[in-house]
Amino acid sequence: MNFKIETENLEADVPVIELEGEVDVYTAPQLKQQMITLLESGTKQMVVDLTKVDYFDSTALGVLIGGLKRIRERDGNLSLICPNPRIRRVFEITGLDKIFDIYSSADEAKAGIRVAR
Amino acid sequence: MNFKIETENLEADVPVIELEGEVDVYTAPQLKQQMITLLESGTKQMVVDLTKVDYFDSTALGVLIGGLKRIRERDGNLSLICPNPRIRRVFEITGLDKIFDIYSSADEAKAGIRVAR
Amino acid sequence: MEANGEPAIVELKIPCKPEYVGVARLAILGVASRMKFSYDQVEDVRLAVGEACTTSVEWASKNGRHGTDIIVKSSITDDKLMVDIIDGAGERREETSDSGAEYDPENLGALLITLLVDEVTITSQDSGTQVRMIKYAG
Amino acid sequence: MEANGEPAIVELKIPCKPEYVGVARLAILGVASRMKFSYDQVEDVRLAVGEACTTSVEWASKNGRHGTDIIVKSSITDDKLMVDIIDGAGERREETSDSGAEYDPENLGALLITLLVDEVTITSQDSGTQVRMIKYAG
């Protein structure tokens, strides 16, 4: 199966979940599990990096939305890194680009999160 | 369909057929046609570049073999450029790496052909 | 790839389970990329068929219809691709959503399909649902 | 992906024509890449199934069996993939080759299949041929 998930730190206290390959009804549960783990550890700023993703479906969108809701309840935020126009298009046509902060690179995301804090 | 064919010159009198994508029972006839055209124009040294090929089946091998036979009948040669180990493997397991001169780059092919002439 | 007239048929049957939806996406990618679609249109079809299969998988799970299949039938003519996604996942009963979520994943899937192809028809059948989508090429 | 016991079945039907062989290759790529195969083994399966379908297409053309189909049926268990490639391409009559070519493409295809999978069985059927190949995983 063409899917990988890894978690690193973008900065101190800002974990970034790096996804690779196909995020769909089969693999999205792994993303959800990882987000739940981070949320339970008290994370307030979280980034999901979609740079290496080549397929992203509604199940995966649903997981991101669920995560965003929970993290905003504690006045935090979930940001996305998504330089790939094909994946970005999925957010655009569903209007979700208006509810997520979407950056084109890790550096942009760092700068954006620093300003917001 | 993920297939492209283009012909350029590696050097004067050495045309190189550059293939891209899937060369199979559906697309190999285009390769055959291009080889026939070159053979009819009197070419004695021909190169087929498989660098960008990601699938190469027995039909495509058959076309190369047919071309090799015809060009050797006139004391010429057909050489291959094939850096991709997966495609090279198809030649190796069928033993065809012993009847074709296979190079890893255009420069290697140039040098090899110059020595042979 | 056929002259106008009889469509060419490609039919795929997969288990109605999460791990096989990707097989349907690859097969439809193969079908659509051989037609006169742009790169983006091929992506649209892949995503739309993926979403339809995902919805089937989710209903099969909710309705306990384990061991059923999804049939993905592509009818190909020069200027149009028609894909039927047929499941045996049981009835799709609307739940009265108490969350009032505007973005529940199920609706997102349906929204995506509508946005990505030219025509969609959903038909309830005895044991499941048939989703028919049409995308015009060229 | 199933526990040992009932195999999961993925079945694909394509027109027996050159332009659809790629669809079968993509579908089997999807099936094999979800199993415990290495990257190289997945490639082996893709190539072997492609070769079997190509042979079917060539016989259909020789025998004038236009409008027939190829069925590619994958039976998936934890440790093994069995693929049946079934055509309606008519009888495969050996031609007495006057060229005496050691490398005719037809033989190359058969050679490749033998080298790429663990077991191959070829069975003549009423209207065509069934090629069964088995590749063990892990």
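Remarks
To keep things simple, chains are lettered A, B, C and D as they appear, and every chain counts its residues starting from 1.
Here is the rule we use: contacts are C-beta pairs under 8 Å (C-beta built on N, C-alpha and C of every residue); 3 or more make two chains touch, one makes a residue touch a chain.
Keep in mind that what you see is a predicted model, and the values were worked out from it rather than measured.
The set of chains touching chain A and also touching chain D is given as C.
For chain D, the chain with the farthest CA centroid is A. One simple way to say how far apart two chains are is to compare their mean CA positions; for chain B and chain C this gives 41 Å. Annotation: 26 Å between the Cα-based centres of chain C and chain D.
Rounded to a whole number, the gap between the C-alpha centres of chain A and chain B is 46 angstrom. Among the residues of chain B, those touching two or more other chains are numbered 1. Residues of chain C in contact with at least two other chains: 19, 22, 25, 34.
Chain C meets chain D in the complex at residues 1, 8-15, 17, 19-20, 22-23, 25-27, 29-31, 34. Those residues of chain C lying in contact with chain A across their complex are 18-19, 21-22, 25, 40, 43, 46-47, 50-51, 54, 57-58, 103-106, 108-109, 111-112, 115-116.
Chain A makes touch with chain C in their complex at residues 1, 22, 24-26, 55, 57-59, 61-62, 65, 86, 90, 93-94, 96.
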